[in-house]
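Multiple structures are listed underneath, in structure tokens.
Shared between the two complexes below is chain A, which pairs with chain B and chain C, respectively.
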Partner chain A sequence: MSSQGNIQPAKLVLLGDMGAGKSSLVLRFVKGQFTDYQESTIGAAFLTKTVPEFKVKFEIWDTAGQERYHSLAPMYYRGAAAAIIVYDITSTESFNRAKNWVRELQRQGNPDLIVALAGNKADLAGQRAVEPSEAQGYADENGLYFIETSAKTSVNVGDLFNEIAKRLPKPKQVAKAPGSGNVVLTRDAPAKKKQQCC
Partner chain B sequence: MDEEYDAIVLGTGLKECIISGLLSVAGMKVLHMDRNSYYGGESASLSLDQLWSKFRAGEEPPKSLGRGNDYNVDLVPKFIMADGKLIKVLIHTDVVKYLEFKACDGSYVYKQGKIHKVPASDMEALKSPLMSFFEKRRARNFFIYVQDYEEKDPRTHKGRDLNRMSMRQLFAEFSLGDDTMDFIGHAIALYKDDSYLDQAALSTVRKIKLYNDSLYRFAGTKTPYIYPLYGLGELPQSFARLSAVYGGTYMLNKPDCEVVYNDRGEACGVKSEGEVAKCKFVVGDPSYFPGKSKVVGKVARAICIMDHPIPGTVDAHSVQIVIPQKQVGRRSDIYVFCSSYAHNIAAKGKYIAFVSTTVETSVPSQELEPGLALLGPIEHKFIHVADYECPLADGKEDKCFISRGYDAFTHFESTVDDILEMYTRITGKDLDLDNLSLNQTIEG
Partner chain C sequence: MTVSEAEGEGAVGEEQKREPEELAARVAEEEEEDADVREAEMADTGTPRLTREEVEQGIARMDQHVDRESRDQSAGTDASSSSGGSYQKQFVNKAPNEDSTMPSWRRRKKHMFVFSNAGKPVFSRYGDEQMMSTFFAAAQAIISFVGDKWGDGLLSMEGGLRGPGGGSPWKRKANRDSRAQGPPGKLKALFLEKGPLTFVCVSRTDEPASVLRHQLDLLHSQFISILTLGIERAFARSASFDMRKLLNGTGPLLRSVIHSGTWDLPVVLGGVAPLPLEIGLRKQIAQSLQGCFVPDVMCSLLFTADRVICISKRKRFKLNHKDLFLFTNFVRLNDSFKQSESFTPFCFPSFNPSAFLYVYVSYVTEDVCLAFVSGRADSFHELAEAKVFVESFLRQPTVRTGLEQALREDTLKVRELPMSAGGGFVGETPLWHYVYYHKGLQQLLSPRMGAPPLATRECQKRVLRGYQEMSTASYDGMTVRWRRSGSFTIIACISLDFDLYATFDSIVDAGSAVRICNQLAQYIHSKERDLLMPVFQLKSNTRTTAAARRATL
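Right after this comes the complex of A and B.
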């Protein structure tokens, strides 16, 4: 649909332990906001933001809490161009869980998926439990882009998303799929009603 | 888990997921569990590995079929009416943004050993070999009457009371022949048997109008049907996400989950792995409530993997064929449904065809033969027969709100009716779809 020069939509999914700061990172990136008592935002787990420099419109899927008991649906990963796996630098446990998410993603087997590892809450350096060198080493072994971020102070948040935008493959001229085209369902009234059936 | 909820929903079939979503949206605290490790229950779309482990346990899917994960094979195949109630629910809950749809390419009806396009326009009707020259003109008059008919505008009724007149009488007023009645009743109004003929004409007129409105819902589509990319299994997942977005808690892989009753026999919680989650009521599919449903029918289905489209469908990638009961000497219709890699439900070059019908004899697989005969060569075929269960009670006494089972015979219109009805039983309120308007997006 979108040709060269147009803004390309890119689905981006967040993964990681509950409390690592996924929702906070996205809200910081999309709205420039942060609250210390980030209530899970009821009714909103789909966020969009355009990065004009890279002609990308991120369509960001937050987990909606379904990471808690590991009940994210395959639909969540489907068609994703990028994934950010978030851990909390003050929690070794959350780093270990991040590694599980990486394995989970590798099992989905999409070689084109761009995967970033974000060590969040970098502002809490005093309570650090995971050394950046350790995370960097792990990221290198697994072909991930690694960066430490803080949703609170906004350090590196822009860089994280920009780097992903930069790495997204340039839109390919895709061959027309067989069969009918997609239909777009909107709230608008039906396109047109023809008077007679036959 | 040791928490208290308003509702616990058991099973992640389409109905349960929609109910769960609607209850969460209404502000209830919902816990949703499934005994399986995947979403969808009977309405899941299966990968090749899952398909083989269900029907050919111990065997491996052949390598020639390509990547197993490229397959998303429905157990209960259905198309969606483009202007039907499910679409309304999808749009008003904003769930539609998680899904992609494509139109179905062809709608056919079987007559005397051959399949014919269901005429989709005046031009097609005039060319259609389904009717004789004079019959076409009579049929055209009938369609004009139906299209002009507005329930609220008595002038369009032309002196006919469709609440009192039977459909048989209405057809007779237009002098339509048996074959025309057959294709209108079964391929347009989508009735599975002929009992509609002796019921009030209004409901059939509504169904014909739904077909027509669906046909023209989107520009350029050739049938009233649409179907999601990756199969129907995407639907429960997307409603589960809606529920989660509105605070619902999800737990899969709870094989031992079991309803707990108080001494008055009311459901008051669900037990799993030694813990009990309390609740005010439980919602679920019949399999979670042993002894509370009864089998009311059986559906036979064949799932066929092929490397070609159905012959005579102009190479359609997705198609529905209705075989009206009378054409093959039965009491219920046979349905053929085919979809392909174009809808991302099979590996490149592969097609999945389904043949299904109500079981009438003790040899269900034979009953599918007239449908199977239309398919051409079949690479792999799986036949299964499923019970259709209905709850024995409405749930008000025992606080168990049980959905009707996953049966092929309730298509999406009646699926949504069952859901809306359950919603009303549970909450005491009607859900006004037109006034529901959610927006789940935050834009930066």
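Right after this comes the complex of A and C.
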């Protein structure tokens, strides 16, 4: 445990159609960067960011949006504390894909999973194809937190992650774990390596 | 610039041997082609979906860029000196709106297409594959008509193209792996059937059919590497399966592989290009890769954009140079790897074409990339820990300076060679460029191209094609091969352990060229220890392979 106190790790996964802006959102949040020509993510990218106000360390899995990586998604959202489903407000197709992701997560039946719906590219309001009211309605029906963001102008990006941090369950059991003066037991002995004959 | 002038003269000298009419037609065609290529490469700077304005802006930008960057007369700009732009951008579809009816499309020198047995378009190097159904149907008809006669899945044809717009009465001719050296500009078509997919190459580049076949094979391997042989099951379920949606976004990757068939020496000659590094340091780096033992890790790699620094792998993991190229090219092409740690499935086609392995990729410095190949999908966090270990090792001052120096200085440069082995500045030495290919390790040592006298793309391409021809064509076991073409001379010295290819200026005499080759081979042989890369075994106790031991002796 670090000296900063009980910072809680929280696994967060981003899902959504290719080109919706998942990587851009994450890079804006983690590094404060934005590039117009963001190359496609391959497989999944892993980034971390600590939010001291909420004592949370986000362990972010930014997944690739291409269809061929779809089958890998469970690997990343399994055990996640939160998921951000991203769509592009200028594309109804990406909104429909977002709905599919919501359905897929609901099928997993994890009631504790915090799901946020992010309508990205809010700076392109002129080319809007998905109305905020429509997305808000859908989010309310499904118990999602909805917000429109722009990775380019940074609008609402911080709010999105902060809101998730706020909603994360408060760490109760962990607070008492590193009690001072107690004997700290190590975890299990390192697993024995499998012996192979050839 | 003198080099390009010499180039032009050389080309004219060659042309004069041909008949005047043919020559005139050829020159006109070539000019057109060059303009075509230039235009296409300029349009290249735009985003994938190009509008007219964007193309024009792109051309304007590129014009400025060209003025600033180089004053040579070459057809294109040097793609390898990517100043700022991403590597991937070079391989977006150069002509997204063309289709098979357009003259500009027909003028392109090398086409490659892939379509399914049901005739569904899968990929085309140029143009919009969806617009080419009729063309694919015609290609399919050719295959079904003559395909049976050759049987083994490869069919090649040759013919002349009568003008850019006219039909192409191909003369059928069986021509398997022979030296098909028709006059330049002759159209060559190869069809390669691989399971549910057909790979087609239509080329006017004079490369022999065996080379084109090699390139089609590589493209096929790239497909496998993206999707594994699992695609065959998808086609078995439904013949009309649309593969394009699974390939979404891989266009630049596929195009870069086609490009490499001509431009990357490791592909052209079939080997790995190691980074020259002092053996002690390389061993230390290998130990750091071996030191972080994670179960199910099959291979750890450290590499830069064009050279491999260290490989440490399990014995049972067979990593051939083709797979290694596909992997390093894949990483190099995707700048997104530079932004964060990544974890991605990747299929090594020669190792196991039907399964994905999981690869952890992270850049440890700006240029040096670390990768772990694992058999387990949930090994990310262990691998990330291992990376921290390797990273901290590489940050040690002695290691860091050693590695940085090796990255910065190209010790293979002609200038760095001893005088007797052809070393010296441009103009002082007749030696322009060379490749030393170690057969046992399948590794090649070669200075980077791009500096004068091989400054122009056209010149580089001709040298590379020269090497390729020397390595593939049969010379009846001759150990020294000699080829004079235009402005340069290429010599290949073939021996049991190594091949040496060397490019000299056109006025060098055979005696001194051979003398330099011998000295050069001796010099490199004496320094092999610090130039070639032994392959280290990934085990708790460090043992090197036989090949590695041989190289370190």
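The rule we apply is simple: the second predicted complex is superposed on the first by the 156 of 198 C-alpha atoms of A that agree within 3 Å, B and C clash if a C-alpha of one lies under 4 Å from a C-alpha of the other, contacts with A are read in each partner's own complex, and residues count from 1 in each chain.
Simple rule for what comes next: contacts are C-beta pairs under 8 Å (C-beta built on N, C-alpha and C of every residue); 3 or more make two chains touch, one makes a residue touch a chain.
Quick caveat: nothing in here was measured; it's all calculated off a predicted structure.
Of the two partner chains placed by the overlay, only chain B lies in contact with A:74; chain C stays clear of it. Of the two partner chains placed around the shared chain by superposition, chain B and chain C are both touched by A:66.
In the superposition on chain A, contact of A:148 is made with neither chain B nor chain C.
Of the two partner chains, neither chain B nor chain C is touched by A:17.
In the superposition on chain A, A:29 makes contact with chain B only, not with chain C. Of the two partner chains, chain B and chain C are each touched by A:46.
Contacts of A:37 after superposition: chain C is touched, whereas chain B is not reached.
Touching more residues of chain A than its counterpart among chain B and chain C is B. Put simply, chain A uses residues 27, 31, 40-47, 64, 66, 68-69, 75, 193-194 to touch chain B in one complex and chain C in the other.
Chain A makes touch with chain C in their complex at residues 18, 23, 27, 31, 37-47, 62, 64, 66-69, 72, 75, 193-194.
Chain contact summary for the complex, chain C toward chain A: residues 47, 86, 88-89, 226-227, 245-249, 295, 330, 334-337, 339-345, 359, 377-378, 380, 384. Of all the residues in chain A, the ones that touch chain B in their complex are 27, 29-31, 40-50, 64-66, 68-71, 73-76, 78, 109, 177-187, 190-198. The residues of chain B lying in touch with chain A in their complex are 38-39, 69, 82-83, 87, 90-92, 96-98, 100-105, 119-122, 124-125, 139-140, 143-144, 146-147, 188, 208, 211-213, 215-222, 226, 229-230, 234, 237-238, 240-241, 244-247, 249-252, 316-318, 340-343, 437-438, 440-444.
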